[in-house]
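Look for chain A in each of the two complexes below; its partner is chain B in the first and chain C in the second.
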Partner chain A sequence: MNNPYFDLLMWARETGFNIALIIFAGGIVLRLTEILVLGRKKDFAPAKANGFSQGIKTIFTRSVPRKGVVKFAPVTYLGGYVFHIGFFIAFFFFAPHIAIFTDMLGLWWPSVGRVIIESSTALAVLALFALLYTRLTDPVRRALTTFDDYLVLLLSLLPLVTGYIAVNKLIGDPTLMLALHILSVELLMIAFPFTKLMHAVSFVFARYYNGAIQGRKGAES
Partner chain B sequence: MTATLQRGLNALREQIDAPVAAFFTSCVSCGLCAEACIFYRETEDPKYTPIKKLELMRRVWSREFTLFGRLAGAVGLVKPVTDDDLSEWEELIYDSCTMCGRCTMVCPVGNDLTMMIRKMREGMSASGHAPKELIGAAERHTDLGSPMGELHPALVAQVKHQEKATGIKISFDEKGVDYMVILSAQEIAEFPDVIGSMSRIFKKANLTWTISNEAFEATNVGVQLGNRDIARVLVQRVVDAAEKLGVKYVISPECGHAYQALRWEGPNLIGRPYKFGVVHIIELLDQLREEGRLKVDGKDADKLTFHDPCQINRRGGINAEPRRLMNMVAENFVETEDAGTMNWCCSGGGGAGAIERNEDLRLDAFKLKKRQFEKVGPDKIITMCAFCHHTLEDKLEANDMDIEVVGLTDLIAEYLDEDTDGSKA
Partner chain C sequence: MAKKPMLSDLMKEHGISRRGFMKYCAGLASVMALSPSMAPQIAHALENAPRPSVIWLSFQECTGCTESITRSHAPTLEDLIFNAVSLDYHHTLQAASGHAAEAAREAAMKANYGKYVLVVDGSIPLDEPGYSCIAGISNLEMLKQTAAGAAAIVSVGTCAAFGGIPHADPNPTGAVGVSHIIKDKPIINVPGCPPIPVVMTGVLAHLLTFGIPDLDELGRPKAFFGESIHDRCYRRPFYDKGLFAEGFDDEGARKGWCLYKLGCKGPTTKSVCATTKWNNGTSFPIEAGHPCLGCTEPDFWDNGGFYKPLSVPAGDYRKIGLAAVGAGVAIGAVSALVSRASKKKAAKAHEAVDAHDLEKPS
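Presenting the complex of A and B:
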């Protein structure tokens, strides 16, 4: 109990987490409300096929790139996949993370071993640097990139790096590193609804609309 | 703020709905849409990145439709859209976008960028930032009946000529028939043989049809310009004529945006469903084939390839139908790379082909199709849009490529079996 960082860890785990969770959840509700409240006009053109089912289908099928496109932006495509999959595994399949979900929601699922978690984390970090590199050097990405894009790269990087350091006790006080890890996640949660991180929720709607619009015409999506 | 800018921004605001908000919220600036754009692909200029073309609409959405954007706007972090911005964007929204829809197909978060370009054109035209060629075409279309001006005398002359060539009488304003045929200005002026082709095919299929003297023009420059009021007036003409004649269907001709305008946008422009159906000519021919009412005799021995019009295939869902028809009459049908849903635009669609100042850019863009055609080496290119047909001929000639371009309806008519009775069993 003499560890000077213990209080910080406890604050991060309780008060900090609760504040972040409220902003995270409230922010997502606000942003989704901002979208849905705009509504869609009734479509009077008779549908040729089922837009709803194609909308639902497109939420999943759009995860796979179209044939022949990867070679034109390999870093963005591959970096994107490696980051998302790596982050997903490290976030959802690390035993201590699952324990949090079990505590909060009563849900449980099997964890994966340390080797997989740490490899996924390392690959996700490498992918983030590859994505940063292409943002800095590729003319198309450079022209599109704003402060928001760099911010979300940083916010996504911090939990991965601090988590890796904390778990492996690489540098610094382990209690402090764990506290910093949790705080970095809380930063990510707070920023989530108000930055491009929000795509992790809104993509479901975007893909659905795309599929539904094309689908009712009988066109592919 | 000027009155025109205010009007433009109002028009833009009206276009922002839940899908637009979901699309802008989801964009992660990955830039993958650039690789799908024919103008970026052939110039490698980042300004042609589709999502970049939508920057002004994104700013309006962010500043006015999100809480965070409003706060950011209040402290000057999100700039308001100015008249100068709109002037600068005119080239990106009209000259370098054919609304081909490829970007919509590759966006990993599913953004329908093409739909947003269509919406953004509403703001551009309302604020007085549309190309003069499209404004002129819209004026001719509303005042004289066609984007090319007064075409009715030419139509009557072409119909007479086709009647003479085929020996089949073509009726005007005949009530009680099943179908009303409308034509694109390009067909009347440049490819009138399609009238005779339809006439022969329909006679064999025992299909009753007519042409309206009041509404024979299928194109809709209001959709390309981005002016719902003009688009509504033009659609209403066709609707009024079709409902007056009491036809069951209007046949949308070989014209890409005409199909979009009448089949998909039209009912929403006039605010109600039609009292008739809309069928694309190629859908109809495929249906007649399926019913055994369209029979052909012989096959074309030349090497044929097919060019998919973006608005009919990618944006219209008519993909398998032309291929089934091609296979009826083609002995040697070879597809180009990316054929079908991901086919590349002819470089002239969406009104871009009417703009003079982008001629060099369109020639650059066509290089992609040129390479694809060179790889296949066809004797003939078949298509199902008169404006694609026109653009392909024009650009092939500019590139000294001696390849014939043929409309699919004309190709089918060429091999029509005149001896077999194709009427309903």
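Presenting the complex of A and C:
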């Protein structure tokens, strides 16, 4: 007699993860190699300032909103911050997640308690719904939204919701919910390199290029 | 087996008072998730229930389950419950051997056909009958013969319930649990490696008093396998606070923090280990400092390694990951070079156009 939930969990932890890892790691490296090998056109004009330092600075300064924009689109900005910070805390500071990095890379850092993890998760989910609301109600944003955007939103939502349910045993069998949580993360991993989710890695390069180009010209970015 | 006295005689023999017996019945009611008001009914049923014949078959097993049940040592009341049945056949415990032992089994089957309780520990090999035989009879044949006249079957231990360790990959004997073979009898699975003595005696007590207990989808009594070990674990507050032992001898381990990161399977394992405990309620594996192995679940031996946390991938993913990174670099470089080449080609094929060309009729 088998426990089908355990079988699903084991598939998710073994075969499913291997498939997701191949697409995730291979896809990210593929896209980054493309970006780096393609490079940029050589700028023959004499440099007016140090492009490198401006590029590095821009990687960080672009995380701070410009004056006035928060007032202009408060839900987008605040929702964006809440979602990203919440997702970051839930992903990087929950002990079972840290255990993956320890096993994979030998890295270890302290975890935080469930109150912080669950509050972060709940806030991230609420923020996602708020962002979806503005996307659906604002006619301009709605017109600009593609299938890719809805897909990314759903794929970001599922791990948060299934993880919350699995830890709190809200519905269903805990083993099944853990399996569904891991599978939802694997879906996110598979979509990652080929959707807007890739910005989690490519933002560093994009910001650096922008900052470096402007910096070389002696302009602030 | 020698004929056993009735329960009331045994109580007197072991110096157990009526009050002690009632206390035990209340405890049993609690363990079986019944109302405390059921205790007198349990006492009445145990005192008056006819001693059913029990045939205990041991197949591919380590005798750990028998060791466990006999560790509910006299003069405990679990032992009395064990004596409340007429154990007519049990390899390890019976005095008879060889033909005499088999004759005892056949006699018990004949005398109590359709009424006896069959207890099985150990898995049954399906690949070759010769892998495990008793008195020249294959396990499969003996199970089919004996199950035919049984009122109910209790599969004791994970081997009998789900195949257990013999069933572990690559399962060289084709081992399976009882429910894989017998489909027409009520089967109660009491998994564990081994099961907790009071769980085994509790199930037998339930059978004696109220018949087949409520079972989950894996055939386990809900009273004993309804909740996860994690939910009832005394180390759970440390999990909630994010305090974990990182090794078996670190500060966290000494302080009794959560063993999740050392591979504890408590969150996905259903059993009463954390509440009923072992050795008369003394301790259980997690209390002794070792993570739960998940032994009451099917295929626990193959569920990703005992010392890997549940959240960690179970396969050999590092080589696969490195290969994917290598392939990504190669494909990315080729793709970028092809793009560069086509860009160069396009630049070469580019024709200069001036304003006059644009004004020409196409």
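Convention: the second predicted complex is superposed on the first by the 218 of 221 C-alpha atoms of A that agree within 3 Å, B and C clash if a C-alpha of one lies under 4 Å from a C-alpha of the other, contacts with A are read in each partner's own complex, and residues count from 1 in each chain.
The rule is simple: contacts are C-beta pairs under 8 Å (C-beta built on N, C-alpha and C of every residue); 3 or more make two chains touch, one makes a residue touch a chain.
On a predicted model such as this, the values are computed, not experimentally measured, just so you know.
Student: Specify the outcome, clash or fit, for chain B and chain C once both structures are aligned onto chain A.
Tutor: The answer is fit.
Student: If we overlay the two complexes on their shared chain A, which of chain B and chain C does A:99 touch? Say first, second, both or neither.
Tutor: A:99 sits against chain C, while chain B stays out of touch.
Student: Output check: A:78 vs chain B and chain C. Expected answer is one of first, second, both, neither. What do you get?
Tutor: Neither: A:78 stays clear of chain B and chain C.
Student: Report for A:158: first if it touches chain B alone, second if chain C alone, otherwise both or neither.
Tutor: neither
Student: May I ask you to decide whether A:175 touches chain B, chain C, both, or neither, giving the answer as first, second, both or neither?
Tutor: A:175 sits against chain C, while chain B stays out of touch.
Student: On the A-aligned overlay, A:122 touches which partner chain: chain B = first, chain C = second, or both, or neither?
Tutor: Neither partner.
Student: Once the structures are superposed on A, label A:34 by its partner contacts, choosing first (chain B), second (chain C), both or neither.
Tutor: The answer is both, since A:34 touches chain B and chain C.
Student: Which partner does A:56 contact after superposing on A: first (chain B), second (chain C), both, neither?
Tutor: In the superposition, A:56 touches no partner, neither chain B nor chain C.
Student: Once both structures are overlaid on their shared chain, how near does any Cα of chain B get to a Cα of chain C? Whole angstrom is fine.
Tutor: Superposition on chain A places chain B and chain C at a least C-alpha distance of 6 Å.
Student: Looking at chain A, which of its residues have contacts with both chain B and chain C?
Tutor: The overlap between the chain B and chain C interfaces on chain A comprises residues 30-31, 34, 36-38.
Student: Would you mind writing out the residues of chain A in touch with chain C in their complex?
Tutor: These residues of chain A touch chain C: 1-3, 6-7, 9-10, 13-15, 17-18, 21-34, 36-38, 93, 95-97, 99-100, 102-104, 108, 110-115, 117, 169, 174-175, 178, 182.
Student: Show which residues of chain B lie in contact with chain A when the two form their complex.
Tutor: 16-23, 25-32, 34-36, 40, 44, 46-47, 49, 51-52, 65-68, 104-112, 115, 263-268, 270-273, 277, 313-319, 338, 341-342
Student: Mind pulling up the chain A residues that touch chain B in the complex?
Tutor: 30-31, 34-41, 43-46, 48-49, 58-59, 62-63, 65-69, 72-73, 76-77, 80, 138-146, 149, 152, 194, 196, 198-199, 202-203, 205-211, 213-214, 217-221
Student: What does chain C use to touch chain A in their complex?
Tutor: Chain C reaches chain A through residues 161-163, 177, 179-180, 189, 218-219, 228, 231, 239-242, 244, 246, 260-261, 267-268, 297-299, 302-304, 308-315, 317-318, 320-321, 323-325, 327-329, 331-333, 335-337, 339-340.
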